[in-house]
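In the two complexes that follow, chain A is the common piece, with chain B as its partner first and chain C second.
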Partner chain A sequence: MKNSKEWTFRIVFGCLAFGALSILPASAQDAPDIGPHPAQPLRPMESHIGNFTGHARDAKMDYRRYCAGCHGDLGDGNGENAPWLDPKPRDFTIATFKCRSTPTGTLPTDQDLYDTVNRGIDNSNMPIWNTFTEQQRANLVAYIKTFSPRWEKEKAGEPIKIPAEPPVTMESISHGKFLFTKMECWKCHGPDGKGDGPSAATLTDSKDQPIRPYNFASGGDDSRFKCGSTNRDLYRIFMTGLDGTPMPSFADNIQPNDAWDLVHFLRTLQVNRRSRENEVLKAAGGKIPPYVEKAAQGPVAQPSSGAAGGGK
Partner chain B sequence: MHMGAQSSCSGNSCVGKSFPAAVLGIVFLLLAIIQPANALPAFARKYGLRCSACHESWPMLNYFGQKFKDNGYQLMNDKDAPIWQNPAYWPITLRMTPFWSRESTNKISADTATGVAGLATTGFNLSGLDILTGGTLEKNISFLLVPSSDETGSFHFESVNVRFDNLFHSPWLNVKVGKMELDSFISEKRTVTLSASGGAYQLFHFIPVGDGNIFGQLGDNQLGVEWMGHSFNDRTRLSATVFSSTDGNVDLPYGQNSYSAFFAGSQAFSAGKLGVQRVGGYAMVGEAPTTFLTSGGVPIPGSGTGNKSFSRVGFEGLFYLGPHLDFQVFTQHGSDNAWFGACYGDIITGTCDPANNNTTGTLPAGARNPTWNGAFVETHFVWNPQFTIFQRSEWVRMSQQAFAVMPSNLGNIDNYVVGYRYNPFMTSRDGFAFHNEYSWIRQRGTAPDGNDLSSNSILLGFDFAF
Partner chain C sequence: MRTSNPCIAVAILILFPALMFAGTVSGKVTYTGTPVKQKPISMAKEPSCEKQHSTPITTETIVTGANSTLENVVVYISAGADDASAPPQAVTFTQKGCQYIPHVIALHTGQELHVVNGDQTSHNIHPMAKTNPEWNKSQPPGAPPIVQKFDNSEFISVKCQIHPWMHGWFAVLKTNHYSITGDGGAFTLPNLPPGKYTVTAWHEDYGTQTQDVTISGNETKSIDFSFKAKAY
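Then we have the complex of A and B:
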């Protein structure tokens, strides 16, 4: 019996010693891996999503578990996976975000960041994180904001106003097509919206990484844009631009009704997707009648503000 | 795997004879430690996510990992189809665990004055090897193929299935065909425990002492077809599986007209800062043969008829108390037909005496349905994604023995496991964990001398997958 107790003691002691030895080398060489991960001094930061208040301090473990592999411990987009990803993970330290409801150049709202976490980003490795609780997502939004001092110095922009969508008509589709040509969208997106325009191969993002224009013709009913899937999302992308990419904001270049016409036309480029726009086009035999096309080629209305910006 | 000893006798006469406890104990130890477990760095490599994105502590899934699995190993983005992968990508993962362990059993049959002796052995050993291959064959067509070996290199197919995902663009319509794990969200294949006495869930394999029904083991992968549906965010999950009553063995070794079914449903909900909680239930009902044609007294495989029924029902829950602490709770009420309780059923592989062939339709005198209740609670304290401390406490209690003369507590099980798992690093390329675990198990009345049989294990191992 005594022998047995001695053995038990030896073994338990051995286990503990073995465990400690396995931990020590890693601790000595790298940042300590046991306990909260000291990626950087954490700024106190909150987010406000509806009734939820997110706290950065509560997202530290979730960020490390789910996000750091791509976005990096420092939020600079240099996680261990970053070299293998295309497009590259977002660099939170510069606080430039594609998906916003706010004007180009401004910070997104907390809700914008929350929606991105919730929705994921198609055509990238960013998954849909809707298994999180609302609180977890709100906490992560707050955590993301700790990486850039911009969030302490600036306020988020005012969300743009999206007017009610006018009816989808052959005239609006046709006018959208006219605008697509006139505003030279085709130079990047290609004449058929396949992302194969003459400039496509030369495009780079704000970090000089090659970037491809969106291919409207790919995908079917479940196709999504980077920042949403509805007509309102498409309108918003059009008017806010995708900061950090060559896709500019057109808010200062066209009127809302023109933007909606463009949205209607872009939907017809999604040839494999069931949509009101494609139904209207199909009812006309699959083509815009020449007389409608001709009538649609009127001048593009200029916004009254006349402010510069955007560009192509 | 059989828990408790199986006799080669019938009816109540088997109680006192007991069984080759040592052999079964060793078999149990070996089988327990080779439970194939699914954690696929191949998925991490494909999508560029760390193991921790899908696993609470690999191989145990978190909610995101469960959703990924329920979507057919897809993130539901445009990178799911294999055509988007680098041609050099190979969806294969190997997992194995070299370890040192101490295994101790209080009583084995031995040539001593009492006929029994205690046995404790220590030494270095290996687990079995899992070759885990899985992923998508095309968008919304996924597969899993797991050749698995024991520690000697003897292979079998643990999982072989193809799944048609999101039929008609609906997450509620997914159909899987082949050999598969039953759809309990508490998964024995993904348990974090590894040791001989603690690596398996007893309730997933429980068979009353002297019982001949090997077919009701919901921890064994089964051959059949599964419908599974879930909500977009995976909060609601439902599934139904119909499978052959062969305990996952190929070539229909028992009978061709015996089927079982497994139903599971669960609902998750947000509990604010506590996290997402999930509650659900399951039911396994089935029938299996008790009558076989014989040749020279030897039962003929595949000739089984005379189906008798069995059932397993229970509740399961996964509860989070904040980001660091979670509890898995699993309960079961089990019942076997009296024929199984009298050790009719599996006479093909020797669970029961081949003479126990139900050719007369006359039940042994006094035989009745064995029933039992059980539960376990498994706790994980996740200090951070790299370091997890765990425990599991499990109890199985017979509520009715197959024969009234059997001790009421015969076969009752108590099982306790405690340990920790430390990942020195975390990447999306492979998994490596230092694993230290202690487990203790006791089954009432199953030692060779009729007393309690208890075993304990200490395991120190390096669990790796790449």
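Then we have the complex of A and C:
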């Protein structure tokens, strides 16, 4: 008798406890418990953004609730939504990032990762995460850094220097067009920047996924690049390259003033976007005159631009 | 994989200077079956490269020689002879006629790599590294060599995306004992002090094979590798 009562109690209590356990985590976490959990304990990673210090341990819930669906529990980009996404979610385990202020092959700064979380990635499924507090975003940046051992062994690269932008002139635009041809940007981006160059159809990213070169002519005033929307962002993109994609870094082979000229020309490829560059072009009759190397040494253009352009 | 304790190898090196007892492993790499036919490459989109070739160019995934010999196989000591330091001289990888010359290079971790553009067109050099940091650099005609190093051993596939037919390999090894098979499929790994070694042969499409070999003195051990050709 005593035994059977005890057993009844045990079974009833056991069922209740089991029920409670199975409900509680679900409501507390609000996220389906999918995929394997990281095998090793969480690395005690930090991020430093302005006055904020992010802690990886504080981002675990947010990551699993908002990020793991695409980027995966293990940060390998194999979340349950990944098969239906194009472009694919970033694989944090290799620590290769498109949007950096740092040279190609180096780790981005914390601020770079933070900016991507803030900005989202245009033409992808990565939204703007402005619903998070700054502290939450800083914590998530720290969490992203737990997935690759590179963050323990290496420091972020030294951000490239971006000098002040010179004025937009027809000389600058014309020299930019010359460079666009010379640096063979058009081989992928097309002669009119429509993303239809001769190599465009063959491009794949480093995970063998097909990838399109940016079509400058698409979009209007709201058009943005994956890594920003300002002239400085555009400058930074071709100086650092977009690691993990066919877009290389031009930092070794283009002088700062030449790079600004290229930025000014690229803006004119955005035919439907209002810009200072398009205004200057329109005022000059809408046609870009062919670049004459001598002209760049005249009083209007930047002296170093002429020297670099003429020397090559 | 690992057959000998590195401490023993080091002790042997100290006790028996390599010059006194320098063994050699040599042999030949062949294939069986029928290798897939290489695809012709059209460089019509890059006339400055096209005109450099009087004979048709094909892909170089499988390059064979007479008597079923296999080229572009990296044969190296994968265990037993870890060299602590990289040699001071650089390894050069050249882009010429929109091809990589040579198709496969081997270098030590930390050794300097010089990438040279010998063409009248821009290339982008994009080593698809997985365990090393991945970088991707543009190199216009006349630009100085790109100088880089790799810290981790890895077989890295290299691409130029401006010219999608261009494909090569960097074999980053932890040893200076390596040989890349050329015409005739032969390899030689000299200057091996007495000891037990694992010899690995790597081919970009056919994979890897290993063999253990023991060098006991001033001798030449002959070993051969045979890869089975893939049908596709």
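Heads up, the rule we're going with is that the second predicted complex is superposed on the first by the 248 of 312 C-alpha atoms of A that agree within 3 Å, B and C clash if a C-alpha of one lies under 4 Å from a C-alpha of the other, contacts with A are read in each partner's own complex, and residues count from 1 in each chain.
Here is the rule we use: a contact is a pair of C-beta atoms (placed from the backbone, for glycine too) under 8 Å apart; a residue touches a chain by one contact, two chains touch by 3 or more.
Everything quoted here is computed from the prediction, not taken from an experiment.
Of the two partners chain B and chain C, more chain A residues are in touch with B. In the superposition on chain A, A:P248 contacts chain C only, with no contact to chain B.
Of the two partner chains, chain B is the only one touched by A:I128; chain C is not. Legend: residue contacts after superposition of the two complexes on their common chain; A:T96 is shown touching chain C, with no touch to chain B.
In the superposed model, A:Y66 lies in contact with chain B only, and not with chain C.
Of the two partner chains placed by superposition, only chain C is touched by A:P198; chain B is not. Residue contacts after overlaying the shared chain place A:G219 against chain B, while chain C stays out of touching range.
Contacts of A:G105 after superposition on the shared chain: chain C is touched, whereas chain B is not. Taken together, the chain A residues at the contact with chain C in this complex read 94-96, 104-107, 150, 154, 182-184, 187-188, 198-199, 202-203, 206, 241, 243-253, 312. Here chain A touches chain B in the complex through residues 4, 7, 11-12, 14-15, 18-19, 22-23, 25-26, 33-37, 58, 61-62, 64-66, 68-70, 80-81, 84-85, 120, 122-136, 219, 221-222, going by the rule given at the top. Residues of chain B touching chain A in their complex: 47-50, 52-53, 62-64, 66-67, 75-79, 102, 120, 122, 169, 232-234, 270-273, 275-276, 323-324, 383-387, 420, 422, 424-428, 434, 436, 438, 458, 460. Chain C meets chain A in the complex at residues 45, 121-122, 124-126, 128, 130, 133-140, 142-144, 146, 161-164.
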